[in-house]
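Chain naming follows the written order as A, B and C, and within any one chain the residues start at number 1.
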Amino acid sequence: MDYLLTEDQIMIRDLARQIAVEKIVPVRAELDEQNKFPTDIMKAMAQADLFGIYIPEEYGGLGKKSLDLYIAIEEISKACVGVSTSYAANALGTYPILLHGSDAQKKKYLPDIASGKNLAAFGLTEANAGSDAGGVQTTAKLEGNEYVLNGTKQWITNGGEAQIYTVIAITDKTKGARGASCFIVERGTPGFTFGKKENKMGIRASSTTELIFNNCRIPKENLIAKEGLGFIVAMKTLDCSRAGVGAQGVGVAQGAIDECIKFAKGRVQFGQPITSFQAIQHMLADMQTQTEAARALVYAVARMMDSGAKDFSRASAMAKLFATDTGMKVTTDAVQIMGGSGYMKEYPVEKMMRDAKILQIYEGTNQIQRNVIALDMIKEATRQK
Amino acid sequence: MNIIVLVKQVPDTSEVKINRETNTLIRDGVPSIINPFDMYALEEALRLREQHGGKVTAVTMGPPQAADALKEAVAMGVDDVVLFSDRAFAGADTWATSYALAQGIKKLGPYDLVIAGKQAIDGDTAQVGPETADMLGIPFIAYIKKIEAIAGGKMTVERMMDDGYDVVESSLPALITVVKEINQPRLPSLKGKMKAKNLKVTTMTAKDINADENMLGLKGSPTKVVRIFPPAPRGQREILSGTIEQQVEQVVKKLKEQSLV
Amino acid sequence: MSVQVISNTCTGCETCVSACPFGAIEMRDGKAFITESCTLCGACIEACEFKAIERTGEEAAAAAKDLSVFKGVWVYAEQHKGGISSVALELLGEGRKLADKRNAKLSAVFIGHGIKEKAKDLIAYGADVVYLADDPALKDFNDDSYSAVLTTLATLHKPEIILAGATAIGRSFIPKVAAKLYTGLTADCTMLDIDPETGNLHQTRPAFGGNIMATIVSPNHRPQMATVRHKVMKPAPRDDARTGDIIDVKFSQTGDLRTRVIKTVEELTETVNICEANIIVAGGRGMGGVKNLHLLEELAKVLGGAVAATRGAVDEGWIPYSHQVGQTGKTVCPKLYIACGISGAIQHVAGMQSSDVIVAINKDPDAPIFSVATYGIVGDVLEVLPVMIRKFKEARG
C-alpha cells in the first residue's frame, strides 16, 4: 500500500532497509544465541545518521519527526527486534532532554546522541514499580550543589551500554504524584553501577540490566525542568515513544510474513507447494491484512503527532495495543505455517515469535493501554453529556 | 590532503544474462550502479581525509546520467564532485577516456593523490588508471591493498602481486588503483543523501577542459570494437545418474580411461 | 561515423533493443531508434536478423600515417627473479604464429639484471631477436624504468605488434607504454588473429563480466598492443637448434625514480600454485563452511592437484585470495577441474572454462555449472566428496 511517504522518508526507509539486510540479518541469530549487544551494527547506524533523525538540526540531528523515526524502527524490526529495541530505547532515553531539558542541557547532551557517539537509556521501572509507576522508591536528596541518588532501577534497556541515563527519582515523598523528578546521570559517575545482564526469552541482542544508585552524587544542573515534574516528564516521554513500539510490532509482523511465505512457496507436500492450500492462503491473508491495518494506524497516529496535536495519548495507546497484539499473533502464525521448520532455530521465525512477546509488555502493558483508552473514551463521553 | 577519486557508472554486469536462444544480452531491468571497485576507492579517500584532513573530490567522465554515480559518492561523504560530459567524449576507448580525465583533472588545481578502483566491471580492462597517471605525469601503483603511511610528500603502500605483495614507496602526487582487500566501504548517510538530493552537479565540457577534439571520443580512440558476440556455449554435457556410489564410480572410470588420474 | 537503423527494413521486432549492452536503442513509432548513448560497438548489427542496421559514414582514410614502416612482432619477456616467466613462453608461441602470418620477425624484449644467459633460451623458444637490457639498476621491476626502456625501444624500432603478459607487472607498466606511444592496448585477450584483408591484429577478449566477447582492433595506430593472461595460450616448443641475434640495449637512468620497492612478501600458502596445476579441486559457497574445506584438500592430495575457490568462498574468508579463480581472480586451464558446490556464475566460469575436463558436483540440477561441465553429478557435495576420495584412493591402488 502506498502511504504517500515523502522523498526523504523513502530515503530513510531504504537506507534502514539496506542496513537491516546487509548488516543485521546475517548476524541476528548469533546475537540472539550469545546474548550479544550489536556494537558494530549500532556503529553502522550511527554513521548512517539514523540516531539523529528526530533531533533538531541545531543539535546535529536531521530535524525530522516521529513518522520518520518510526519508519526506521519498522525496517530494523523486520530484521531483528533486539536491535530495534536498542535503537528505539535510545530515543526513549533522549525524549526527557529533548522535550523538557534546558538549552544548556540540550547543547551538552544532544549532539553526541545525534551522532551516535553516546547512547541513552530511560530509567523508570523498579521492582515495585512496573505498571504502577507511582510506586517508584529511588530517592534523590538535594545536598548543597548536588543531588544524592539512592535506589535500584530494574530491567532498563541499554543498561551498561548507554552513556546517558534519564532517571525518575522521588525528591519529596510527601507530595505523592508531584513528588518525583527527572535527572540526567552519566555512566561512570561514582556510586552508579549496573546489575547483571538479564537472560531474556527474546530481544536478546538488547542489553537489559539493573541500575544501582548508592549515594550517587550528581550536579544539581542535571535536574530536568523542575522538582516535582518527574511523572509529567515520564508520561510525556512515553506518549512520544509509545507508537514507536507499535512500529516495532508492524516490523516484526511483516518480517515474519516475508520469511514464512518464502518458505511456504518452496515447501512441497502432497505434490504441491503448501501455498496452494486454502488453509495457508487464508492465514496469510489475515496476517497481512492485520499487519497493514496496524501499519496504517501507526502511521496515522504519527502524522497526527507530527502535525502538532496536543493530546494523543488515546491514539498512541491504540496504535501500541493493536500493532503489538498483531505482532504476537502474526509471528505465532508464521511459525505455524512453517510447521516443524518454524520451530527450529535454523529458521528466523521462532526468534521473531519470542521477540514479539515483550512488545505487548513493555512501555505500558497492553492491559494498561486498554485502561488508558477506556478512561479517555469515558472522559470524552462525560464531556459530551 | 587533496584527494581525487575516479568513478564510473556501469551497468550491473552480475545481473546481465544472455538469452541463449537469440544470443543477445538481456538488459531489461539491469540497473546502473557505481562501479563496485570505485566504492573501495571512495572509502579509502574518506578514511585518508579522516586521518589527514583535507578534501575529497569525485570525478567521472560520462553521459549526463553519470551524475547519479557522483551523487552516490556525495551520499557517502565526499566534499565535491565534477562531471566531465560532452558528446565529443562518446565512444571513447581507454586512451581517449584517460586523456579526457587527465585534462579535466589538470583543471581542478593541485592534488596529492588520485585513487581509482582496480577495474570497471563492464570494460574490465584496468587500463584507465595507469594511462591517466601517465598523462598526468605522475607515478602509478596498481592493485593497492593497504596504504601503510603518508608523510613528507611520500607514500608507502602494499601492492598486490600474483604470489603475495610488494611494499612500495612512491613520491606524491601519485595515482593508485585499489582492490577489495583494502577496506570495507561505508554505507551512505542520511545527511549525505539529503545533500546529494539537492545537489546540482558541476559539469565540464570538452572546451572547459582544453581538450583537443582529435584525441577525444571515438575519433581519438586508437582502438575500435569491430565485433561483439556471445561466448560459445560448451553444449549439453553428461549428467550422470544412479546412486552417489555409482555416479562417482563412473567418473573415476572415465577419468582413468582418459589418463587424467 | 555512426550506426543507423534502415527504417524501411526494420520490422519492429525489438531484438536489437535487448541486444544493446548500453541500452542505447528505443522504439519510436514501432521502429528501432538509436540514441546518443550509442558507442558504435555494433552488437545490434550482429543481432538484427533482417539486416536493418548498418554502419554509415566510413571514416576518412586517416591513413595519413604510413603504417607500413611498422614491422615485427614483439613480446615483452617477463622475468621473475632472473627466470623467464611461463607466460612469456606462451606469448612467444602465439607471437611466432602471428609473425609468420605477417612474414615478420619475432623479437623478445628482456629487461633485468644477470639475465644474459637466459636470453639464449628465448631464441630457443622462437625469438629471432632478443633486445637485452641487462643493468644492475633494472634488477627489480620498476614502472618508470621498465616503461622507459620499452617505450624507447618501440619508438626506435617501430614494431607492428607488442604482446605482454597480463600479470601484476604487465598491468602496471604496459598501459603506460601504450599511453606514451598513443596507441591501442587490449588487455586480457583470449584470442589473437591477423585479419587477412587488412593485416590488422584482431584482439578478442571477454567484457561485461564475461557475458560477451568483444573483438577489438587498432586500425590506425601502431604498435598494436595486447596483453594475454597466463595459461590462455599454448607455450612455444623449445628448439635448441634455432639461432637468433641478441642485441644489447644500454640503459641510462634519466631522472630520479619516483617509486621503489622496499620489500617483497610472498604469500603462497599452498605448495602448488594453482596456475601451474594440472588438476584442480575447487570449492564454492556450496561447501557450506570453512570446516568442510578439508574435503577439497584431501581430494586434491589423492589426485596430486591444487585447491582453488570461487570468489564467494574467498569473500566468506574460508580461503585466501591467492586461490581465487574467476574474472577477478586467476585464470586456470588444468587438464582436470573438479567444481564442488560451485553454481557456475559466469564470472567464475570465465576463469576456468578452458580446462580440458570439468567435473561438477552441485545439488541444484539447474545450476549453470552443468552447462559447462563435461560430467555432472547432481548431489550434496558433502556426501559425494567422501565417496570420491575413497574411490580415487582405491583406483590409485
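In this text, a contact is a pair of C-beta atoms (placed from the backbone, for glycine too) under 8 Å apart; a residue touches a chain by one contact, two chains touch by 3 or more.
All of these numbers come straight from a predicted model, not from anything done at the bench.
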Innermost chain by mean C-alpha position: B
Interface with more contacting C-beta pairs, comparing A-B to B-C: B-C
Most distant chain from chain B by Cα centroid: A
Length of the line joining the C-alpha centres of chain A and chain C, rounded to whole Å: 56
Between chain A and chain B, centroid-to-centroid distance (C-alpha), Å: 42
Whole-Å gap between the CA centroids of chain B and chain C: 18
Chain B - residues contacting chain C, complex: 11, 13-14, 16-19, 22-28, 63, 87, 90-91, 93-95, 98, 118-119, 121-127, 129-131, 133-135, 138-143, 156, 159-171, 174, 181, 218, 221-231, 233-234, 236-240, 244-245, 247-252, 254-256, 258, 260-261
Interfacial residue positions of chain B with respect to chain A in the complex: 186-194, 197
Touch list for chain C against partner chain B, complex: 1, 15, 18-23, 36-43, 46-47, 143-144, 147, 167-168, 171-173, 175-176, 178-180, 182-188, 202, 205-221, 258-268, 273, 275, 279, 303, 321-322, 327-328, 330, 335-336, 345, 347, 353, 356-357, 359, 365, 370-379, 383-384, 387-388, 391-392, 395-396
Complex contact set, residues of chain A against chain B: 7-8, 11-12, 15, 18-19, 22, 44, 47-50, 52-53, 62
